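Okay, structure first, notes after.
Chain lettering (A, B, C and D) follows the sequence in which the chains are written, and residue indices restart at 1 in each chain.
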Amino acid sequence: MGERPQLQSVRTAVIGATGYSGQELLHYLARHPVFKLCLVTSRQNAGQPLSKFVHGLPRELGALTFVDSAADSDLATQADLFFLAVPHGTAAPYVVALREAGKTVVDLSADFRTTDPEIYKEFYDHDHPAPELLPEAVYGIPEIHRARLKSTKLIAAPGCFPTSIILPLAPFLKAGLIEPDSIVINSLSGVSGAGRKVELRLLFGEVNDNMYAYSVPKHRHLGEIEQELSLAAGQKTTVTFVPHLIPIHRGMLSTITAKLTRPQTDAELQAVLQEAYGQEPFVDLLKAPELPESRQVANSNRIQMTARVDARTNRLVLFSAIDNLGKGNASQAIQAANLACGLDEKAGLE
Amino acid sequence: MGERPQLQSVRTAVIGATGYSGQELLHYLARHPVFKLCLVTSRQNAGQPLSKFVHGLPRELGALTFVDSAADSDLATQADLFFLAVPHGTAAPYVVALREAGKTVVDLSADFRTTDPEIYKEFYDHDHPAPELLPEAVYGIPEIHRARLKSTKLIAAPGCFPTSIILPLAPFLKAGLIEPDSIVINSLSGVSGAGRKVELRLLFGEVNDNMYAYSVPKHRHLGEIEQELSLAAGQKTTVTFVPHLIPIHRGMLSTITAKLTRPQTDAELQAVLQEAYGQEPFVDLLKAPELPESRQVANSNRIQMTARVDARTNRLVLFSAIDNLGKGNASQAIQAANLACGLDEKAGLE
Amino acid sequence: MGERPQLQSVRTAVIGATGYSGQELLHYLARHPVFKLCLVTSRQNAGQPLSKFVHGLPRELGALTFVDSAADSDLATQADLFFLAVPHGTAAPYVVALREAGKTVVDLSADFRTTDPEIYKEFYDHDHPAPELLPEAVYGIPEIHRARLKSTKLIAAPGCFPTSIILPLAPFLKAGLIEPDSIVINSLSGVSGAGRKVELRLLFGEVNDNMYAYSVPKHRHLGEIEQELSLAAGQKTTVTFVPHLIPIHRGMLSTITAKLTRPQTDAELQAVLQEAYGQEPFVDLLKAPELPESRQVANSNRIQMTARVDARTNRLVLFSAIDNLGKGNASQAIQAANLACGLDEKAGLE
Amino acid sequence: MGERPQLQSVRTAVIGATGYSGQELLHYLARHPVFKLCLVTSRQNAGQPLSKFVHGLPRELGALTFVDSAADSDLATQADLFFLAVPHGTAAPYVVALREAGKTVVDLSADFRTTDPEIYKEFYDHDHPAPELLPEAVYGIPEIHRARLKSTKLIAAPGCFPTSIILPLAPFLKAGLIEPDSIVINSLSGVSGAGRKVELRLLFGEVNDNMYAYSVPKHRHLGEIEQELSLAAGQKTTVTFVPHLIPIHRGMLSTITAKLTRPQTDAELQAVLQEAYGQEPFVDLLKAPELPESRQVANSNRIQMTARVDARTNRLVLFSAIDNLGKGNASQAIQAANLACGLDEKAGLE
């Protein structure tokens, strides 16, 4: 429950809203009881109504027209809460301007996810554009950083792979039940994870009836994954991570294995998850023999997860499923924003 | 190259030919220069022409009608080469009768894949139905067991997962380059791997836009996988194996990780594969940055594979792609049968 | 707007809720402000919680367990509004019992769609099981029968094909702008339209990468289609209707052609639709060059439609798109029930 | 059967081979007994091996490198048979140069499909670039123009929609059994029909789970469709044609309706097709209750078709299925080229 009255209204802007993330955000905002969309920007679609690009919005929302606002314009005066759905590397100037004006910012790009500018540089190949703001950015997984999210005005919304990986792994690292250097992660991603880019490899004819691994051994999300796992483990943690592209639009599945530090039963493993997430509104803990399915969490802010022991090899096997555009992106951004704005964390998400 | 003349004709039968494996087998046999299909059996479709169930066959082949032949009938007199595409556990009686009559048998079921009847019992929950025949069965991966396949009359055609896993892993285990107890395998399978069973979970509405892991931690194929990996490693090898179902019809991708026993470069790892398979007609070794794609080997007997080092964690990462109905099933069965019949191994497969 | 206060609560039951229609209904009911689900029946899943079969429901709703209630039980005492999501031919006994008890019934089966029992017999091959109730049944397309729906207690929810066909055609027939005997309808349906039946033809392996026409020339929905078109035309109207199965889960597209009685422009045709549906909350009228797309109305109660002239042949071409499980089924059933219960027609549907 | 000896070798070139058509052509040529690929051109991929773009080719063929040859180069000296797989409007200069040099040309673009330059201009919005060559071009449907194809050196390979429409309709128009002005055609196309263009609308995320009609009322293929239908009818024939995009990669289905000039039975209608195509090697005539399925003709040069009467409306309903890249494109081009080169029409196509 929020500490402030629920019926307030927060003027909300979405910067860059024609990609899959942006569209998803608009759908969630359309049914949010407090965040009231009043500004949507898009360079290429300026002057056009939202309804032309995003279907299924209520008519009044669909009638809103895109404006072309640069970061240095009077953007900050037009709303109080800003969601940035712009490409990696282009969010920082907006963040600088908006934070200077005291606004609450949820950055869906990767720009503020790694607290250490060196890690940013390692994974993004250039100096961080605004390192002075990194200390105030909070990594936006509410189940992990809830307290800090309640008192920040700069949320770095996590990537989809990290969300599906950090949540199931963190409790086992914290409990010292797995060997940190034994972690192997295989993730399967729907195509929307790659964004709405007009590229040959993303054509229906190239994706359909096909699947493949990519970005090995060093996908860009690895920096934030290892940052959060190291935090949970209390020691520097390096992992092997292999993402795969699958011919579905939305959905993400992660299968994670690690050596157990001592033998465990399925029940003991489940108890660890129950202890960590049993009260979480958006975490579904499955019992054996059930395993997560991507479709069961599609169009939602939920994450399904479960743990199993592979007794023959003394390994923990963790499974999780999210909607890469939901809990892996837009809806989790709103969940975090709810906290930052003092609202019920579930507002607009059920 | 075969030692006997290429233009001979071998009377060929397919027992149980209305599943996806059986259909695929018929398509490959239709263009085989030596194996001449003369008998096709099916209990439920007896009396009906093949063309009603299997499309795209040449007209004369499509006109062949299914007969209902039990194992104890005069089946053995009607052909010289028998492909058994019947469910696991039901092949053994056919094998006994046909081997008694001196016929060459390619069993696509799991009945003769594990040489140790105890392992069979562990994974299939009942005593092996014909343990006396196990010693003469040869596991049908030509790239691994070519010499023995040339002199056997009983081929145990491997499962699709095992094919995609054993082939890339074996050279590294033989070379002592990886720690056998560190192997983690994640495989993605197209739906046809589950066969043409009329089950709720295989409906389009359940499979489409969905993906999930299953059969953990002990999929039935694990017995044959570990048997062959142990053989390559020269020591008992136990692995973690997680299969996943993906919404495509045909295709299989395996991603395999293992700790390196000593640091390696990508080039050194590739050299190991090159040494093992450089001359193999059906193995495509990809060079970085290329990674296997399931569609590139669809409808073929080829396997794509490549190796990469994850230097940050000192792990080998192996990737392979096959058509689960081709190299993972029907076409590899023909490749093995070519060897057993003294033909060019590539006959009918290009 | 409803005439009665909006905040009332209506005890609601769903009879037969494990098919795709039933599941969809539960999702819409979960967010309905007035219809409160209190009873869900299923013969085969009695005793099991909803959450096991229908994912994404709020926890309290998911915890409801299926009961096994026959039509002759005390079913009628347990709710005030009943949605019947049972197979065609099995709804009538429930309807008889429930109407006798004075309850409001929304029958999603075909049992009460055709007002003439002779037409029922022609299309369903047996006598109508309760012809005495046919006069009180109202065909549940609110945009066509709104007034009668407000005062009935027996709603015959329409089929998906009929909804996508009757709505765009009716205004042109009423206006006498097309020749009734020239109508040709081609419809494309997602697989969920066939229900969640465990049949070979509905396996992923049979549906994926495939498409075909079926049920020609006399699909069972033709009876209700021609009944409603005849009503609009003021004369007996017989049409050619060809449905096709397409490898998508949800979605329906209809393309309808008819000879114009006099030349028309695109603008004149659009004006006819505007006049008929311009004020309808769930009808999206597209302007040229836009044409309906099934995905744009997925998971909604909306229908997209547009009209074009083919001047070279003097034909009207009509296009419509709906979600076959939404406006073509569950959500339209709720729209009609809202009217019958005196609520805002849009309740629970935005 | 060809009149010249079968064992000859024809030096064959493919101009522009990286689109879906070109790739398909290469696959068929790879197994052709006479056409020997010796030249492949591509502006953007010059110097690169085929194997990088087209998978599954035999190794020697895959090793061929693309060259960048303009129409005015010495192209004509390098082969005797040229397949042009270049965009519409860009084939004409090649045709002019190659025909001047006496070479046989199969143009897969639309440039020479319409014999009347006025119709070309109507549908392609500019003057025909080489009208003097139109008289010698033969429209490449062998079942319709076999005699003329045997003696031409310029084949205009038909579009996919036209192939699926003209073949089933022509016999009924010739027999005077249908009213030419009553023809309505609805066609469903797989995405590869749009080519391998990097456009937003062809992204997996836009095509998957979606379907829609497009290019109404005047798709560019309508010119060649009406030309051939008029020829069959012996009178100017104008039709309504609505193409639809479906989320499959390859496949095309056409459903055609027309008023019968006199009542017919299913058997009589089937007899018309049997009379026309009963001896055709690539035409599969289905008997009731079977209807064409796109997957059954995938990866083949076959067309499935059948005819049904809709007695209630006195209409003929025709159904056809082809592979839009096979009989609708590459394989039919080879079938026609076989005729032009005096070979067995079936060479390389079974």
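One rule holds in what follows: a contact is a pair of C-beta atoms (placed from the backbone, for glycine too) under 8 Å apart; a residue touches a chain by one contact, two chains touch by 3 or more.
Note that the coordinates shown come from a computational prediction; the quantities given were computed from them, not determined experimentally.
Novice: So which chains are sitting against subunit B and subunit D at once?
Specialist: The common neighbours are A, C.
Novice: Count the touching C-beta pairs: is A-B or A-D ahead?
Specialist: Between the chain pairs A-B and A-D, A-B carries more contacts.
Novice: Can you work out the whole-Å distance between the CA centroids of subunit A and subunit C?
Specialist: 37
Novice: What whole-number Å value describes the gap between the mean CA coordinates of subunit A and subunit B?
Specialist: Centres of subunit A and subunit B (C-alpha means) sit 40 Å apart.
Novice: Whole-Å distance, subunit A centre to subunit D centre, using C-alpha means?
Specialist: Computed from C-alpha means, the inter-chain centre distance equals 47 Å.
Novice: Mark out which residues of subunit A touch at least two other chains, giving numbers and ranges.
Specialist: 209, 247-249, 295
Novice: Give the list of subunit B residues in touch with subunit A in this complex.
Specialist: 181-182, 184, 186, 188, 209-214, 216-218, 238-240, 242, 244, 246-251, 253, 255, 257, 291-295, 298, 308-313, 315, 317, 319, 321
Novice: Could you list, by residue number, the parts of subunit B that touch subunit C in their complex?
Specialist: 20, 191-192, 196, 198-200, 202-209, 247-249
Novice: Going by the contact rule set out above, which residues of subunit C touch subunit A in the complex?
Specialist: Within the complex, subunit C touches subunit A at residues 55-56, 58, 209, 295-297, 299-300, 302, 350.
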